[in-house]
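Each remark here refers to the structure printed beneath this line.
So that you can tell them apart, the chains are marked A, B, C and D in the order they are listed, and the count of residues begins at 1 in each.
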């Protein structure tokens, strides 16, 4: 069917996909299958590592190398892999529970170390695989199997946490927004350093409609602002609203009256500090439109850059090991 | 070097030959006792003595000054014969303050020598040590030879000429104390002088050297000592030697195993006493290509090592007590993934935080069976500091041959203790052959859980075209590695994994019996208690007792032939630094009524502990 | 209720009495098989039958539709006699699609009945199930009685009148299937009708009820079935009964134990299959004062429970497989702190993620010895769903009496399986007396590690003036609880902790031997395999074999008297869902050559597994 | 000596203090001993929970109830305690490794849940107890026992992480700044909800001088700005410098020229969002003066508020338990 079928590598594995029919994970998988072949990285040089959760079944469905790890630890597994195999492109797929509950520490440290792995957090604001308990991103009030009276706590906000961890690439997209998601995945792949992508993902079994505001074509344009480097933050069905920056933070303004495009915040994903990125990450439904796109994309030496590992050839290594063995005070008995 | 001539000269007068000497330096954490002991050990080794050391320090960085709880000790034995332990009791105790005296008096030999810094025996010092009376004055030390050396004041005087501050001057006290010992036992000052010059500069180096010599002169000129001694060289096999501690040998072993197998070494750890030292050492091996990773916790440490193993590196991690506990879940993953991995447990006193700087062998059952599900792995234990080198290479050979994580059980005593070690020739050590499957030529799909004659699956590396595959912690179908919930497949896989680990026995050397092939008593030991058991048994054999010794370096699976050996003795004794963990494994497997000799005091076995028990069991109370 | 009259009427025609019936519902994860089985169980229990259930489902929420890997099953046995298991083989298999048939055919009795939804046996269904030919047509099912019921189409037709969508209509298929079974075995529809009304409203409720009745009518009116059956009531002791699953009983037991001890219940957990359900249930007990805490991970779960215990609450936590592994380090802390704590492990298939929804008993050795250091704790295991209630109360009694964490080993089979349970009278259950020390009157300093006759230390609660004290994971001085690195103190404390745990044996009931006091064979079982062992042994005894049974509810320490009992039988057999873990413990302790019957398939024992082995061992192959 | 010795409770325990003489921990302990008696909470109603590290020896030295836990888990232990014993005042003492490396997850979750515990993080930018390896707050370049070539990675910044976790009280002080520290501790104690205090603590054995800029009287005033609610951010030895807020973030200005006090950022610890608090947390030496004082102090329902636990009296509990036991379908056999 596809004229380039012989040259474009196929990333689809032959494994049975075991998600509930209708799960948002399918849409993300579909995008990955589209994006991966365009990156110039061969399937055998691609590794997908995951934790545990519905989302973490992801590696099975791609014909790459992959590891379905243990709950929350994928960033740590990926760090060891990338450190010793800088030639591989390493992706991490994780869920909101996997990444922000049990695995929170590893996420933060992988980001601060800038390990050059691509972390995709499928945020469905629920524990899917264990049948619907609230997660750290569940919104207050959500009734779940473990919170019959409604979830109580303030959630964690993935983007804010990632930025506070000094991540060099931070982005957000939506499972079914195919074009946008594809572009964000491509950008993440292109980034040199740890890339963090939050993907709003609908779990229609246990938390259906959690992202209706961002997915429903009838309303989403009023609740989502797609940001782009160098562009003002304009949104709305009629592109008649924008985000202006006041010293106290971002505010929504209507265009055409007091304010116009030149008054709006112009997005700068390369900003030195993450001050404004934090503000954008702080824009939250329903008080504010939520941003999708790349919030931050800056250069910093990667973990491997910093470690400056050496790979001596066998002969010089033999000499070096021999020197080590003879370290300190030695004596010889004839 | 004028002093070294004097050494020879003064010693030439009337040095008495002795076979073995045990010295214990004891003082505050800041008094440099570890350095003092280490230097005596190095100097003695360089003079051809066999040596063994036992650092014994509190958990605090600078534990409360002047109090018994804060005392840091270092024991060293040097000898003209082969020795296996740092000695049960001490010939010379160097006590830098009253607390050090109090904490260590119990280890002193009858009629032993005590060198005290009499300057430190003031009212404050005695109060901190909770002495009601000055022990030096109340006759309580009469059975010992007490040398009241004014170490603090003499040190200060010795370095006066440098015009340095009181504080730096006082810090050299340990060198003065060492000087005394060097004179007393005719130790050569060269190595320590070299050490000082390599570690310190300027007036600090000068002060240290001055203090060292002053101590030496003090020994020579005062009449405190009736005589001096010398310990002739021990006979050693030809070769080049150095001292190594267990942790040092582990680090060197890791690097060597990587080299012998043509692998990149990845050592990942989260700091914890007494394992941190391995991380510190390997992090200095960058020229050899070592990659170290100080992870955010022990879970990340093992997980990153698993990631590295998946990529084809030599993934290794090490920890102790609580840190090993945290690795439990990931160990299960490694079992399921069937990737080679080394996990080093430098055992310390438990449970929980326990006695973090002290020795114990209480993690054996955890290593063998402490995981959810049937998750077997080989468990090896080094028998001495130097053996740590061999065990790592052996473990990596097993791990790669069988595609399995391997646990290595060292302990705080082995890790921190030192002994002379004949440096192996890296070019002649047997290579560790590892085969990675190549890209397939046909269209057959790759089967990541096919097995070879060792029941090992292929170690296919990312980057190899045609071998893309996914592994994970869910049970896999035999052969294909696909997720499988099939009941019979699961049972098959559980058994395959178990059978594979049993094959470890074919990869480890046959057991050696030291002593009669059958008889009254067999002592079965494992790990770092080897030396004490060995010496006790040799003694008992000399005493004419029918005792034999087998030492296990592999704890899971238990070695081939053990069952048959056990049955040839009337009594079997397993001395352990726990409540009887090996005993439990051996009893369960062979239904032999193994007796236990169990010591759980955060201390190693003394030879006498074992000797006494041997005599008791053989009805020959000693 | 007209249908219930019809039930009676139709049944009145020619119902055949049977003693016990095993039904298995099987279909896709979304087909409502768990609900169907549960309803049959409840209805049967209400009719006075003894029941036992076995839910058997995949790890995925909605595993791939139509494929054998995606099949979710629920087996229920109801009987007019006491039964201990859900049955080895199935009388009636309800297969909602070809995959369900394929996955479950092996469990069917010879000449058993298969009710299939013939509508689902189309080309797509057969392809997904990887059937090359239609099994209904190719004669491969000839030995069975196959009822080709058009379940899907008939259900749609039945609910047509409601004008609801295709999707909702199709979702009622399970009720139609239930209707057939209800007719076939004369089950009363009342309870299920009530259930529908309590759970659903509007047209969904209507549709479910219509489907149920339609199924019933289908059974009655078609000539598919030659006859119908009835299962008379079993004789039960007087009392009020309900069905409980093991997890339900655990939750109720936790709440009851808290009440009996006058404590606030704090249950902290991180979700994990198959333990999550306990969290869900306890979180509904707020009226009783239960506090649940869904922690950020299993480590936080146990640590928060430890914090709660320090404050004087009933601190409890539960998990499975990988989650229990993560609690290892904190369990050591709890041992050292000597605070009461319950840790529930609902064992599942391992190692690692393993078979997360399946049963295994592979965590026994981990529970008993899988911690760093000598860190003993009592380990108890319930023998059936209802026994989960008792075991929790017993465990809390031990935990508070001995001031110790206690591990409870349930398993996926016990946790999800249901049985009728006589509801205890909470007002007559023995109270759990707990004493907290009061403020001191004198000036004596409080000694948090003083011990009473049980070797337990005092549980002094924050808020009590004069008892301020600090505890922690470092070894403590006997009595005062101050940090202590003293060697002899450490050994003393290690032994005190061990001796204390040994006293558990005095707090657990004496062993009961079912069968001859001595003889040929003793079967030793533990945990959820009780029922299968018990039934097999009763059968064997009826067959005249010399077989006795002891069942262990306490695994650490092993119960008093066990050693003596073991020695009275020629052969001892330990059937376990692992590779022989209890066997290892018993052999090590008593040096008795215990044989193993080991099944590691993620499935419970069938009675036949054990019967066969008994006969084999006694040379009476059956 | 002290006239009120009989009425003021004594919080000093009789345990030997086992820190290195000269350790910054002593100064913090001294302040705590001063502050605790002024809070109106009795020693027996005070509990101090810690993890593992030099800092975590803290509980032993106060005559309160206390627990020296395991590494990194003190916030979790404290959460269980506070949940079941709302009557107690619960403090957590932790180190930079304890809190931000192994225990990071627990810290974040205790903050987001607003558990009403007082968390004191002794930040010495080093692992003290294990003899001087770098910690997550060590600055790049620091040579340690595990980084002979110098520490490589971007550090984590405790205040930024705490703010990103939605902490309701976030503050910083310095071990030897006795008055300031005392006041911050008092404020933390007074806050209803989780309070997070970072304390710069000198470890003179393994990382001496790490906070010289904040401690050395000769220079500290030019590198530290003490913030106070409602006050402009003025600093400098001569109080001649200030922090002005620009849309792109905070900047240092010299007063008296172009800018004067009215141009400066006025600190608002009660701000609705944590936008500006994040900016202040982002001011880092040597580029900017670092803030000490309370960055944020806002009201939000605590964990216990949200949980609304009930404590029925024994009789009504008996009834309720009985009802539970009889739940579902029951039948009676006579």
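Simple rule for what comes next: contacts are C-beta pairs under 8 Å (C-beta built on N, C-alpha and C of every residue); 3 or more make two chains touch, one makes a residue touch a chain.
Computed from a predicted structure; not experimentally measured.
Q: State the pair with the higher C-beta contact count; candidates are C-D and A-C.
A: When A-C is set beside C-D, the one with more contacts is C-D.
Q: Return the chain whose centre of C-alpha atoms lies at maximal distance from the corresponding centre of subunit D.
A: Chain C.
Q: For subunit C and subunit D, let me know how many angstrom lie between their CA-based centres, rounded off.
A: 44
Q: Would you mind pulling out the distance in Å between where the CA atoms of subunit B average out and where those of subunit D do?
A: 39
Q: Rounded to a whole Å, what is the gap between the Cα centroids of subunit A and subunit D?
A: The answer is 30 Å.
Q: What positions in subunit D touch 2 or more of the other chains?
A: Within subunit D, residues 52, 68, 70, 101-102, 104-105, 108-109, 136, 149, 307 contact more than one other chain.
Q: Which residues does subunit B have that touch at least 2 chains other than itself?
A: Residues 59, 69, 286, 296-297, 322, 329, 333, 352-353, 472-474, 483 of subunit B each touch two or more of the other chains.
Q: Spell out the part of subunit D that touches subunit C in their complex, as residue ranges.
A: It is residues 13, 15, 42-45, 47, 49, 52, 59-60, 63-70, 73, 76-85, 87-88, 105-106, 108-109, 307, 309-312, 314, 317-318, 320-334 of subunit D that touch subunit C.
Q: State the interface residues of subunit A toward subunit C in the complex, per the touch definition above.
A: 16-21, 52, 54, 68, 70-72, 101-102, 104, 127-131, 133-134, 136, 145-149, 205
Q: In the complex, go through subunit C and note every residue touching subunit A.
A: Listed in rising order, the residues are 30, 59-65, 67, 69-70, 270-273, 276, 279-280, 283-284, 286, 292, 294, 296-298, 322, 352-353.
Q: Write out the stretch or stretches of subunit D touching subunit A in their complex.
A: Residues in contact with subunit A: 101-105, 108-109, 112-114, 136, 149, 152-157, 160-161, 163-166, 245-249, 271, 273-276, 278-279, 282, 300, 303, 306-308.
Q: Can you list the subunit B residues touching subunit C in their complex?
A: 58-59, 69, 321-322, 324-326, 328-329, 332-333, 335-336, 347, 349-356, 358, 360, 362-363, 365-366, 369-375, 472-475, 483, 485, 487-488, 490-491, 494-495, 498, 578-579, 581, 583-585, 587-589, 591-593, 599-603
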